[in-house]
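Below you'll find the structures, each written out as structure tokens.
You will see chain A twice below: alongside chain B first, and alongside chain C after that.
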Partner chain A sequence: MVRRWLRAGAFSAVVAAGLASPRPVQADAQADEYRVKAAFLYKFGSYIEWPSGSFASADSPVTIGVMGAEALAEELAQIVAGRNVNGRPVRVRRLRPGDPIAGLHVLFVGRADGGRLAEILAAARGQALLTVTESDEGLELGSMINFVVVEDKVRFDIAPPPSESSNVKISARLLGVARKVVSKSS
Partner chain B sequence: MKLPSPRSLRQKLLGMVLVITLVSLIVALGAIIGYDLRAYHRVLVSDMTTQAELLGRTIAPALAFDDTKVAKENLSLLRFRPLVSSAAVYNARGALFATYARKDDPHAFPKLPEADNVRVDERDLVLFKRIVSDGEILGTVYLRADYELFPRVYDYLGIAAVVLIAAMLVALLMSSWMQKIVTRPILAIAQVAREVVGQRDYSRRAVKMSADEVGTLVDSFNDMLTEIDRRTRELEASNAKLAQEAEERSRADREILRLNAELENRVRERTAQLETANRELESFSYSVSHDLRAPLRAIDGFGQALLDDFPEHLPGDAKRYLSRIRSSTQHMAQLIEDLLKLARVSRGPLERRTVDLAQIARQVIAELQQGEPGRAVEVSIWDGMRAEGDPHLLRAAFDNLIGNAWKFTSKSAEPRIEIGALKDHGHTTYFVRDNGAGFEMAYADKLFGAFQRLHSTNEYSGTGIGLATVQRIVHRHGGRIWAEAEVGKGAVFFFTLEAATEAPADERTVAKKAHG
Partner chain C sequence: MRWRLALVFNILFLASAAVGAQLMRVADLADMSIEELGNIQITSVSKHTERLSDAPAAIFVITGDDIHRSGATRLAEALRLAPNLEVARVSASSYAISARGFNNTIANKLLVLIDGRTVYTPLFSGVFWDAQDVMLEDVERIEVISGPGATLWGANAVNGVINVITRRASDTQGAFAYGQAGSLDRGAGARYGGAMGAAGAYRVYARFFDVFNTSRTNGASASDGWGKGQVGFRTDWGTATNALTLQGDAYRGSLDQAIGDDSSISGNNLLGRWNRDLAGWGQLQVQSYFEHTERDIPGTFAERLNIFDVEFQHGLRAIGAHRLTWGGGYRYGDDRVSNSAFLAFLPANRGMRWANVFAQDEIALLESLRVTLGAKFESNYYTGTEPLPSARLAWKPQPQSLVWGAVSRALRAPSRIDRDFFVTAGPTQLAGGPDFASEVVKVIELGYRDQPSPQATYSVSLFHNIYDRLRSVEPVSPTTSVLGNKMEGTADGLEAWGNYQAARNWRLSAGVFFLRQHLRPKPDSGDPNVSAAGNDPAHQWLLRSSFDLPNSTELDIRIRSVGALPNPSVPAYTAADIRIAWRLQRELELSVVFIDSGHVEFGNPATASEMSSGAYIKLKWNY
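Let's turn to the complex of A and B:
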């Protein structure tokens, strides 16, 4: 318990340090941003409900696919090591465009692959998959959560999928901390 | 034994009811208050813990995604819980993340969170609760709520005081009304008892008001009064009777005293008359006896002269008749002599001096032996017998007593006479014992009367005046004389020479000693 507390403290210190003060150096700012986004990405898992069929067994891992954001993938791999989401271990899978997305529970598409965003999101539609992006048009293209940076702080907007079109349910508590919630008409 | 203060039964009952009511109320109120305060504490702690958990869960996303604004919004919902005076959320590093404070709250927020705990800090309940999600500590919720235990205690004390006063008043009214049911019959008995004792009127009766133990008491009390009444009457009657009897007795006593006095007077008169008559009689018999001697001497003398001077003229019968005449004459002379002695004993003053009785006894024996030299009698005379008395009279007494012994042992095989004295308790009893003819004890009373002979003159000579003379001598000395005897075995004559103070029973012991 003590160890876990210390570990959690160390992690939080890293996150908070990133949040507390904007760095003058652009590279550092970029690294901090990805560090926070990785942490958020991991934490989203706690507020998402997947259909029971999407897991092979009770202790099957939650798989997070990262596309076009190598730095974030690295951060995320460090964060999830030894951690659980809803009692399940977390696994990070790095993807390139065109890689199959079956078996994923969370899919993050970074700016590097922004050009193919519409295509990727279209493929993910209808799957039991939480899609997260960091593009201005992410939500319009069908992403569920989209990171934004407001006043040097990482925030996110949420567009909850229509209940009939997706099997993923986003907790209202997560909606509560979103910068804004966009309801899709389609 | 010290009696308790003289309170009436009514007051005691009232006091008892009030004390019991008070104690019961205090215990009941204490229990209720204690239970309620404990419940209050538990409910409050549980409520606040739940509140903190809820808050933690609500605020967890805000913490997770570092959204202070949302956290503040979440916390501000506490305004609907006015009990909570201030609240705060610390992040995982222990830094303040968001705060909430009621307007009136003066407390500063703790700089650092604490581990999970609930405590009472002065008038507040302070609570720290960690927010844990998926095994990770996201932060800590801090709550400070009004802990109203003490105001509650004061409220309760006030309520308890009001309840106590009200209940006591009700109890006072109820019991003062109800205790009459119990005390009225008892007080009625007490009143009757006071009157009975005060007025000594045992005809009073208590009224029975109930059929319970008090009713039984009333019945018993009335029965007791009836019994006392009856006994008092009996006692009074008996007292009156006794008083009457005592009156009668004292009257009888007075009568007896009066009669006694009269009798004494009469006795005195009679005694005086008798004494006079006696003196005259003695004087007369003395003169007669004295004057009778001269003619008797003449008869005897001339009878003797007739025998001496004319022996040849007298036939044998005449001589024998003359002898009989002379013998009778001499006997009569002896009689007269004895009577004169008896008279002399009674007359003349009594002389008192020390007399050696042993010597007198020896003289008497010597004279008797001289008169009958042929007789051999074993005589034993104790030495040192001294007495205070008249020597002539005592000599006369011994003459008679020893003479009797001598005379009545004349037919014994081994005649023996013993003269002695026994001392007992300072009194001396003298005795003369023989083993002669003796006499029947049935006649012991008649021994000392004049002319009372127990043996015929043919058997033993004598006039029958001797023991009367002895008795008179002993009486004149103030003593007593008595005898014991058995026919054929002998007799003992006892006498004393001083007024006997001892009871007659002592005579027996003395007699036994003398015999032994």
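Let's turn to the complex of A and C:
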């Protein structure tokens, strides 16, 4: 019976794999929340200036870490395939809380890991890293960009980091698109 | 022959779902400008994370990280992390697991799903915990919902639902292996995950374990050791908006018996699930599975069970203040039992059908106030169609806090043990009741969840259950009894739990559960022993501390305390388990776990298993 079942399982896996090859179709004006957020996350890279030394060489990739948002990571991985940010290839890394964040250029922390946000953002502080969240207390806890959903549209607030040479710089154009810009004294 | 047909049908279904997946849209959003992106209308907020934090129900989530840090080696042990579950180990292989009371090795008021597959047996509406296991390292989370979940989940979700959710295949890429050896058990396992084309991923796994004999309180061996091996796979294709999952497992196990030959268990399953975002038309999920299980207890009983199940769920896009979800399902079970002189199910073979339709409307009365009205109509083989309604209210006075309340009616439909059962013990006989009806509960719940600071969260829930038509044993002659529905009663309880991030590297969790049950025979009942329904502590608590020490060292301490069980009387116990883990290299983790299990947890102490305390060493390799 087991053998018969395994055969049947392998057979249907092959059938399904043969039929499921993706075919791109024009996107319409409606989309899943995470597809929009993934697109934003990819786009942000073009409006960020990382300090010199963040990249090993001129063609080193921009690395985006995604924590606690599997759906977003998946969408993002599809988006960045074959695309560039400032002439650099883009890599997506799925992370779990506690994983090292060294080498990342962008870190997104989703709601699923929201309970540990304070801890994760504390570890990211002082690094040349753009932190992006989607939690009510995101900016308060130290993230730089926080997604909000307003009237079924994805918007974002920005808290630019203090302008020190070790920090990333957020371009004025991105600040202009933000719903609001929060200035921080610290 | 019929089962081969069912399997063929199942494969056809999966194939047609795959055709649907062909219509997948890959995002061209990335080519829009950042201003344009801000004007895209989104169809839905992410289903699950949103639902959990806002759900008007008592939900505790065991994360994969929690399981990792607990040192649990089997699914049933991992469930001890939920403060809203009663978990008692009865012998090396047997567990009594329940929520909100009625705990028993044949506890029957809890619905358990593994990746959407219902794992209760129609034999007694409970779970054979020795047969249900998963690769714990591949578990994303376990949602433990205490209280009735009948409207969404169906009959049997009387006092709770356990929802085991494994990671997507794309999340378990690469190679992983572990080996574990200790004084109580040993085991090993491996998994490998890879990509399948641009939008697909797979993993395959195998694991086995051996659990050593426990002993009686008088020191004699209980001869209850057991071992089990399991293999399985999972493949995921597509995106969050159009996903196809195909997965399956097969297992085989052997259980020592004190008298006679070893018992053997085996089983396999194949499940397909298709999630499709229909844009303006909402979201659709279709799922189907086939499962075969075997259990042989030489000299007592043997069972062959085939289950075929298909269901769909359609969540419509919000229309005004209304968000409607509806769906339906069909389940067919073919149960074949080999009877013995002691124990029989008559007729030996029974084909059973279940079908259901449900609808639920979530109404946003105000921005911070939602009402969810729902009803499920479920038909079962024995008692026909019965309604399972519920109403839930959720109020968010602040974004991070939630007040909720609910009233529900749930029921446990008869299983074969209630109707078809015959057991002979010496001169006395017990038989299933030909008129046995569904057990019913009406439940009122009230809860509060809050995140008073970014570091702290907590949840409190209160419940009042009114039971009717509970199972009783009615004497019809001095030597013969028949199962009836002549017990009733109430249960009141409180569940509370919280998390506190005391420091960047120190996390504390605590949970507590109080239960007060009043069960009584109805006036016309002759049952002398109402407490046979279950054996529950009046309270239990749990405390966990997770430290991240320097040099990649983890220290976890877990203390759990369970009050005395009344009948049969089992003394209260408090146990402390400790885990220390070192990351030797990036890919290699060594852990030592001390298990404080030197006590009786369930059963008559004179004959029950007294686990001894022990320890094990585990090596994990990740690549």
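The criterion applied here is as follows: the second predicted complex is superposed on the first by the 153 of 186 C-alpha atoms of A that agree within 3 Å, B and C clash if a C-alpha of one lies under 4 Å from a C-alpha of the other, contacts with A are read in each partner's own complex, and residues count from 1 in each chain.
To be clear about the criterion, a residue touches a chain if its C-beta (ideal position, glycine included) is under 8 Å from a C-beta of that chain, and two chains touch if they have at least 3 such contacts.
Since the structure is predicted, the reported quantities are computational estimates derived from the model, not experimental observations.
Asks: May I ask you to name which of chain B and chain C touches more residues of chain A?
Replies: Greater contact footprint in residues on chain A: C.
Asks: Touching A:Gly115, do we find chain B (first), chain C (second), both, or neither?
Replies: Only chain C is touched by A:Gly115; chain B is not.
Asks: Which partner does A:Asn84 reach: the first (chain B), the second (chain C), both, or neither?
Replies: first
Asks: Considering only touches as defined above, state whether A:Glu70 meets chain B (first), chain C (second), both or neither.
Replies: second
Asks: Check whether A:Phe40 is in contact with chain B, with chain C, with both or with neither, and answer first, second, both or neither.
Replies: In the superposition, A:Phe40 touches chain B and chain C alike.
Asks: When the two structures are overlaid on chain A, which partner does A:Lys153 contact: first (chain B), second (chain C), both, or neither?
Replies: Both chain B and chain C are touched by A:Lys153.
Asks: Kindly classify A:Leu174 by the partners it touches after superposition: chain B alone (first), chain C alone (second), both, or neither?
Replies: Touch partners of A:Leu174: chain B and chain C.
Asks: Indicate the residue numbers of chain A shared between its chain B interface and its chain C interface, in ascending order.
Replies: Common to the two interfaces on chain A: residues 5, 8-9, 11-13, 15-16, 19, 36, 40, 43, 47, 83, 153, 155, 174, 177.
Asks: For chain B, which residues are in contact with chain A within the complex?
Replies: Answer in residue numbers: 57-58, 60-62, 64-67, 70, 91-95, 133-137.
Asks: Using the touch rule from the top, collect the residues of chain A that touch chain C in their complex.
Replies: Where chain A meets chain C, its residues are 1-2, 5-6, 8-9, 11-13, 15-36, 38-40, 42-43, 47, 69-72, 74-75, 78-81, 83, 94, 96-98, 110-112, 115-119, 122-123, 136-137, 140-141, 149, 152-155, 174, 177.
Asks: Which part of chain C faces chain A closely enough to touch in the complex?
Replies: Touch residues, chain C against chain A: 7, 10-11, 14-15, 17-19, 21-30, 32, 34-35, 37-46, 49-50, 53, 65, 168, 170-171, 196-200, 233, 235, 237-241, 244, 246, 248, 250, 252, 266, 268, 270, 272, 277, 279-280, 292, 399-400, 454-455, 457, 499, 501, 504, 548.
Asks: For the complex, which residues does chain A have touching chain B?
Replies: 4-5, 8-9, 11-13, 15-16, 19, 36, 40, 43, 46-47, 83-87, 153, 155-156, 171, 173-174, 176-177
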